[in-house]
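Two complexes are shown next, each including subunit A; its partner changes from subunit B in the first to subunit C in the second.
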Partner chain A sequence: MIRMLQRGAFRALVGATYLFLLAPLACVVLVSFNGEAVQSFPPASWSLRWYAHAWAQESFRGGLLVSTLLACGAALIATPLAVAAALGLHRSRWRGRPALEALLLAPLVVPGIVIGISLLIALAALDVREAPLRLLIGHTVAILPYGVRTVLASLARLDPALDEAAETLGAGGWARFRHVTLPLIRPGILAGLVFGLILSFDDVSVSLFLADARTNTLPLAIMSYLEYSFDPSVAAISSMLIAVTLGLAVLLERGFGLKRLLAG
Partner chain B sequence: MAHLQLDGIGRRYGHFQAVDSVSIEAGPGEFLTLLGPSGCGKTTTLRIVAGLVEPSTGRVLLDGRDVTRLGAAQRGIGMVFQSLALFPHMTVAQNVAFGLRMRRVAAGEAAGRVRRMLEVVRLGHLAERYPSQLSGGQQQRVALARALVIEPSILILDEPFGALDRKLREAMQVELRRITRELGITSLFVTHDQEEALLLSDLIAVMNGGRIEQCGTPREVFERPATPFVADFMGVTNILEGRFVAGNEAGRIAAAGALLPAPPGCALPDGAPVRLGIRPERIALRPAAGPGPAEGALAGEVVEAIYHGSNSSYRIALPSGGTLTAVRPNGQEEGQEAPLFAVGQPVLAAWEAGAATLI
Partner chain C sequence: MTVAAAGSLPGEAVPVAKGRPALAAALRHPAALLLLPACVAVAAGLLLPILYLLALSLNPPVTGEVALAGELTLRNYARLLDWFYFSVLLRTLWVSAVTTAISTVLGVAVAHSLWRTPPHRRGLLVVVVLAPLLVSIVARTFGWMLLLGDQGLVNAVLLRLGLVEAPLHLMFTQGAVIVGLVHVFLPFMVLSVLAAYDRIDPAIPEAAGTLGAGPFTVFRETILPLLNPGIAAGVTIVFSLAMSSYVTPALMGGSGAGVLTTLIYQQLVVTYDWHFAAALVAVLLASTLLLLGAVLYHNARRTRAWMTRPGSAPR
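So, the complex of A and B:
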């Protein structure tokens, strides 16, 4: 009897947690189909017009393109760098290794705003003025530690004897990396890549300082749109992002098993 | 088949001398075992032979060729690791084929060699499985096949059976012996298990504190341990310090307040200090008839009696201060029930002259 009560209470708690996490998303999706001119909940009438309206906004379309290119570019640059850095850290027996690791992981704990301001100052000093390049550098720096972390975690779980076994079997350094280490840390690399994509896509604080009037990311475009209008087109664009993210998650799960990736 | 020779190998880690001037040899086709407790330097020595650790001093010679500065990838040595180190993302066949792939052996020939090697280790039917789908003993055999398929000059094994349960370990030991004899390959084996070493080896080198204490055939090391450490490690746990007393025929040994028979064939000057070693299972016990010592036996008192089933072990305190350990079989013996002794009981411990060794 008590056990049944306990189980019931546990289920209720789990249910409440999911509700708390997912209810806002459900609200946004519902509101996006609102037919009225202001966001209201529950919607009084239904329509797809805000999707059309959102799509018609030049700033959203431009922002989506910039954000997508930026996320892909930054993730593709940061991931190989992260693999190289993690491999170096993992193999190093140098005394300064912990300090170097802390330095590489620092952007993880430094507030995004601070990274943004520092990059603004540093890039201005280096005379890098093109917003796309500044954004690409900024996002690469901001997402690098996530890649380093996930790759380091999967390296730590490798049996060091695997590398030695490959060596005694005649494999040189590159062959050992290519045939043994790389396949075994691939889940960690992919996890870092996916984290990087998502973090870059949804970053505001770093982009805020590095974007300019002609090159704006989607989150920044949404923010500036919200300053002047509060119509459901923002909800519409959010719903589209939710759909894309869900699709990506399903694809990853089908392809590699998302749980395994995140556990890495 | 190759001739392996270590010449004055040493390895320091900071102030710690892990391996200290080790010189040993294994002839073509011989099975050499490095035996010793953990931390005795046996694994470091093995890794130096494999090329995974560089020695601080000394040379490694294969068939007379100095390979000391050659990397592990160039040495052509087959190694079985303690953790086995099977590649988890490759099938059994791919694991075994790895070394051939690295040597750019043509795919057709490689497939044939992999198949034949899997037959040798009796795993032909599991070629397409992944290591995680195999039992411990099967994984062991994959590791062995992977090391052997490259036709290495020598095979080295780092405590490969440590993780197996007793029964499987024994089966694998027999299997390893069969395979190494069948292929006639020179082997270097590392273990802390003296029984395993005795069963497998042509030559045993007992190591302690980075040095070799004794190197010899299993019989030599077992029957004539050269140092107290080797004696203790080979199960000669009773060691008595005494003096040789010359006399009629074999002479006697004065130790622990008694005159004991000396092992046959020892010719020492009168009064020479000796150490007498006796295995626990060679000591016979009988109830002490009365007070005072008996001729050729040690009187003592049982201070610990442990029943193990087929035998019992007793610790016997000697009046001279030391203790002896005796292991006696239980149950029927020559129609008579073997006696059990109780704690506190006075007993006489004796052994045949030939059962003791001078160390």
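So, the complex of A and C:
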């Protein structure tokens, strides 16, 4: 009897936790289709008017453009750097290797807000005040370790015999990389790239101090919109973000495994 | 070098001048060339800026000034002893601690149920738990604003059930911040604990069950001790993320619920006191890294002790 109660209480707790995790997301999607001007539960009528309203906001459109360019730019710069670094770490037998690995993974343990502020101050001291450049540097550094990690994970599962066989058959360094190593680590590279895109696109803490009025990212534009008005257009734009990221999440789960990616 | 020399036996060769040739040799190696761009990027984009920030925090405060001065002072750090700023620090620690405690309980429960779920149904549930991590933190916080607002779902349900007369003011409180933070960081806890679960031999709890232990006793006596490293890792991650989170406290906290990050924002954007802000950032970074280091050190020691004493399980 007590065991049944224990089991029932445990199931209720887990069920409530799943509800807790999903409720706010479901709520955002539900409210985005609200037809009324005020947010009420349940919505009295349904429409897409808030999607149109969100699209009409200059700050959201500008933010979408900045965030997209920034995410693509940072991911395209960080990924080759990360692939090269992971290959270097994988081959290195040098004593200083653990220190280099710690350096490359350091952005993981430094809070985003610290990355943003220290870059802001250091670049201001160098008289660099261009927001796009600041954002690109900050985002590239912040997402770099994820690429290093996913590529290292792929390299760790690589059979060294394949590379040796190619060498015995007379393939040079570049040919071995191009035709043996690269195809085998491609899932790791792509996972790091997509994950970097998501992180950069959704980032607030790194961008918070690096953006300015003319160059604002989408999440920051949503935050400042929320300070002045609280209408369902934020729900509409958030729903679009949820749809895009969940789509990419499913892609990542199929290609690499979300758990492996996030737990490293 | 002196430490290394003091620690070596007399007569043993001390590798004094090995650093420079080793570096030169490493640079000739292709691996070094591969590593160079990324290392330069992180050093220039993260390490040097942080060092600059730390140096600036030791300069006397001058509004809007970012150049380093020669004069060193601890005045910026001393300001933290002022009760207003000290209470912000205490509140930050308290909010982070409560968030971590709740996340630990819920995270272990969810990880346990995932571990119990048969593998073919587990994949979808893992995605349900982890997908929120990838959803914009602004969208997730906005969801909580919708739920907890005066006209939100929670109040609508409470009013309809007749449990309250007037809507409760749930938003813009410390409780709202904690709810939001738990939601944002719970998946990290689940991940860490799940990693520990994956290393548990299912025969151990089964054996305890066969010997007559109830499910709760099995959990407490056989599973929980094995989960310790995973829980420790999760606690570190969640606590440091909660300490440094900005969006949730800024959007869901009221004027009386300011935390370290919102104070930093205020100093940088409103009062332009960059030196004091640098000191606050240093405090934030130091507390995060100290905690991380302590847990890593503790885990490493335990792993070593376990490895050198075969036959005893890690506790």
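Here is the rule we use: the second predicted complex is superposed on the first by the 222 of 264 C-alpha atoms of A that agree within 3 Å, B and C clash if a C-alpha of one lies under 4 Å from a C-alpha of the other, contacts with A are read in each partner's own complex, and residues count from 1 in each chain.
Convention: contacts are C-beta pairs under 8 Å (C-beta built on N, C-alpha and C of every residue); 3 or more make two chains touch, one makes a residue touch a chain.
Since we're looking at a predicted model, the values are computed, not measured.
With both structures placed on the common chain, the touch criterion links A:Gly170 to subunit B but leaves subunit C unconnected. When the two structures are aligned on the shared chain, A:Leu241 is found in touch with subunit C, with no touch to subunit B. By the touch criterion defined above, A:Val180 reaches subunit B but does not reach subunit C.
Residue contacts after overlaying the shared chain place A:Arg157 against neither subunit B nor subunit C.
In the superposition on chain A, the chain among subunit B and subunit C reaching more residues of subunit A is C. Once chain A of one complex is fitted onto chain A of the other, the partner contacts of A:Arg129 are absent, as it touches neither subunit B nor subunit C. Subunit B contributes residues 50-52, 71-79, 81-89, 98-99, 101-103, 146-147, 150 to its touches with subunit A in the complex.
The touching residues of subunit A, when paired with subunit B in their complex, are 159, 161-162, 164-172, 175, 179-180, 183-184. Of all residues in subunit C, only 22, 26, 29-35, 37-39, 41-43, 45-50, 52-53, 56, 66-68, 106, 109-110, 112-113, 123, 126-140, 142-147, 149, 151-153, 156, 182-183, 186-187, 191-192, 194-195, 214-216, 240-241, 243-247, 250-251, 261, 264-265, 268-269, 274, 277-278, 281, 284-285, 288-289, 292 touch subunit A in the complex they form. Residues of subunit A that touch subunit C in their complex: 2-3, 6-7, 10-11, 13-14, 17-18, 20-25, 27-28, 31, 38-41, 81-82, 84-85, 87-89, 91-92, 94-96, 100, 103-104, 106-107, 109-115, 117-125, 137-138, 140-141, 144, 148, 173, 198, 201-202, 204-205, 208-209, 219, 222-223, 226, 230, 234-235, 238-239, 241-242, 245-246, 248-250, 253, 258-259, 262-263.
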